[in-house]
């Protein structure tokens, strides 16, 4: 029993060390954002002597920060809604018809998509979007919904096949429900636990994605998302470190707020769906 | 229990997302409406700028233009990675009405031949421009661009600190080496360089190879498939000079970018900065207090050649819906008062007749642009598109990891020396 | 209407089929076709040159260098993610007080975008670390490690782990918590020590998670882009030039569009092989848990 106690003590110490590694960069980012360049030069690690808000003001005033923020929200939200309309519906149809060649082929093609690295289609997709005049927010949303299909359908099919018995819908058909009504009113609600996972995985991915916005949205500032703004801001203001750090803080705040509020749901959703798959 | 929580979470999240989804769709429509161009009789044309240093002065010029032409609105667009953005927009027939381009580059020739630009031959747009500048950039005898300013490369030096330390301006490569050594002995950094930004290494090494022997020898080396890098005196000399510059740069040159190098020079920590004259506004903005000037990259004999080319130039899209308005703006750019305003502020030599840039910082270098035998256009103008970019990557890689064999074999491969 | 209902399941898949065909399958085929041409991305015309791009790839030193980096990076990323992920999950599973606080904090890096994380660390490496190194009088720490060719690799790897460990920790922790307590107790009664218990009772429950973590981190490692762009841009001196970055640079900075397409195809084959090997080898060990 003594060794058990010792092990627990060691665990706490190691975990605390990990905590320091995780929190130090965030702490430094926060304090630097509130300091003037002069104060940072004197001591990079000290706590700011006063809450200097000039950096934040300058970042917000010299850029359409709120436009970028709105773009990120819009793109993430619309993509998620469309993903929820398309992905479970497709997965449901596939999971109930795996004996038919059409559904089976489509399913296999989708699963193969999981292992295709993005770089493989990056160039032709950019070319295609260019030709279709879809180098804009709408085009980007199309791409997100498409790329969410592979993993999403895979997870949903597995979930439907293991947790939702066919008898349920057959009863509904007997009652005269159409297949679509059955899906909407019976199946989709039953998928809620996995849907939570899908929302979380995709929302974080889309919100934080950088490469696709770089390829699709970089042509005009009005289209930028927060990650793209972050990168472009760095290329423009690489010398004013304090300004840079306050832009980091500004881009972190929204996602951090969401995390703090929904942390339980987020963690439960992520582990729940993942373990089942 | 967990399922219940998750369901609760999904309901909340979906609610939030749906709400914001509806809201932003409406926003999107508003944005789309704003994009539609004409409002009554007013016409909006887009100017795509590729030179960040000039952006603020262009805003001022645009205001002046809009005052004279109240029915034309010019919208300046400037994004990072502008070259890539511009090319993908051109490929999708979404070219901006007016774009700043670099007419010496081979990509410009390719694009002009693919009919991306409006043919400006026999228009009055070039009437005020000195013909010596646009003769060189004709494509198949036609004019597709209006050159406005020139650039030139050299080495900035801190005059105040040079005087304090009793240093003289070097005119030969040997003197440059001695000056650098003297600076180092006095505890200062001789060169502020930025190998992290590959393009800065590319410019530096192009200037070095141009002067290593002479420009003709360098051009001949790149064009001749039989000449190998490891046997070429010019390349070998360039490599030795690169070693020297690296050894006398700040300790963290490999981790510094353009702005950081400029900062180092502006704060007086480093006394020399090999850069193009486009760095002047950046140096001033970085808070340079000492007097500074520029000397040409030296060679052994003391008659170093200045590398340079057309810097700011405008072209009009062949697909523009408003060719007359676009031409009006470009014409406005070539008017003496506009060109003089640009020259006074941005300080690059102007191509417009009768306009003189008053730039004491760079005049020792820019005066050589018109001197016989002292000016050489950038060598990469003759290379295939994109090669200047990989030249920068490879030379900066050598400056950092010192793999001479890798640099030589890359040069041999890319310039077809098999 | 009745007819529609009979074939409704076909209609359900229609939107997905259209999207997938237009934005995924078509580009995928196109990417392969481009790789057989000499298109530079600028000209309006191009011609087919067969497999010339592929044979040129094989002799390109820059690609060999980049593949070398990418493999080394991906391999270390996989191994360290699994080892550290399991260890930290075990620690978290052991502590009872503050467990949810620890878990919340350890997971936090996962919600940040890789580009922001990379840029933050890039700044810290160039400013905070040298300041710290000078203060403690360590010469090695007084310079920017990211600009040192022999250290940049580890800098990037460290930051990838700082962010990339969060999700694996969470997954391993969930797997650990699914191990039935009575099985462990039974093993103790049989006289198994802590290591034996871990080896024979816990590990089988970790295998499915392990599988997923390996495939995810392999894909992240082999296609690394954001973190490289944000931290080193492929430098110093190409020492961190990942294949993902090289494809981008070839296509958009150096105007070798078709050459870049060929390189991307090679990447596809590599990931395909890795996935097959992983699934094959792990299915031998998998226990029905």
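Chains: A, B and C, in written order; residue numbering restarts at 1 for each.
Operating definition for what follows: a contact is a pair of C-beta atoms (placed from the backbone, for glycine too) under 8 Å apart; a residue touches a chain by one contact, two chains touch by 3 or more.
Molecules present, by chain and UniProt name: A = Sugar ABC transporter permease; B = Multiple sugar-binding protein; C = Multiple sugar-binding transport system permease protein MsmF.
Bear in mind the structure is a predicted one, so any value in this text is a computation, not a measurement.
A.B. asks: Work out the mean Cα position per chain and let me know which chain is farthest from chain C.
C.D. replies: The chain farthest from chain C, judged by C-alpha centres, is B.
A.B. asks: Count the C-beta pairs in contact for B-C and for A-C, then report the pair with the higher count.
C.D. replies: Counting C-beta pairs in contact, A-C comes out ahead.
A.B. asks: Round to the nearest whole Å and give the separation of the Cα centres of chain B and chain C.
C.D. replies: 35
A.B. asks: Need the CA-centroid distance for the pair chain A / chain C, whole Å please.
C.D. replies: 16
A.B. asks: List, in ascending order, every residue of chain A touching at least 2 other chains.
C.D. replies: Answer for chain A, listing residues that touch two or more other chains: 127, 231, 266.
A.B. asks: Can you tell me which residues of chain B touch two or more of the remaining chains?
C.D. replies: Where chain B meets two or more other chains at a single residue, that happens at 81, 84, 88, 91.
A.B. asks: Quick check on the complex: what are the chain C residues that touch chain B?
C.D. replies: For this pair, the touching residues of chain C are 40-44, 60-62, 126, 143-144, 146-149, 233-239, 249, 252-256.
A.B. asks: Show me the residue ranges of chain B that touch chain C in the complex, using the header's touch definition.
C.D. replies: Where chain B meets chain C, its residues are 81, 84, 87-88, 91, 107, 110-111, 114, 195-196, 198, 251-256, 385-387, 389-390, 393, 396-401, 403, 406, 409-410, 413.
A.B. asks: Under the definition above, what is the set of chain C residues touching chain A in their complex?
C.D. replies: On the chain C side, the touching residues are 5, 8-10, 12-13, 15-17, 19-20, 22-28, 30-31, 34, 88, 91-92, 94-95, 102-116, 119-121, 123-124, 127-128, 131-132, 162, 167, 170-171, 173-175, 178, 208-209, 212, 219, 222-223, 225-226, 229-230, 243-244, 247-248, 251, 257, 260-261, 264-265, 267-268, 271-272, 275.
A.B. asks: What residues on chain B touch chain A, complex-wise?
C.D. replies: Touch residues, chain B against chain A: 2-3, 5-14, 17-18, 20-21, 24-25, 27-28, 31, 52, 77, 79-81, 84-85, 88-89, 91-92, 94, 257, 259-260, 263, 286.
A.B. asks: Taking the touch rule as given, give the residues of chain A at its contact with chain C in the complex, in rising order.
C.D. replies: 7-8, 11-12, 14-15, 18-19, 21-23, 25, 28-29, 44-45, 85-87, 89-90, 92-94, 96-97, 102-103, 106, 109-110, 113, 115-125, 127-128, 142-143, 145-147, 149, 153, 178-180, 183, 204, 207-211, 226-227, 230-231, 234, 241, 244-245, 248, 251-252, 255-256, 258-259, 263, 266-267, 270-271, 274-275, 277
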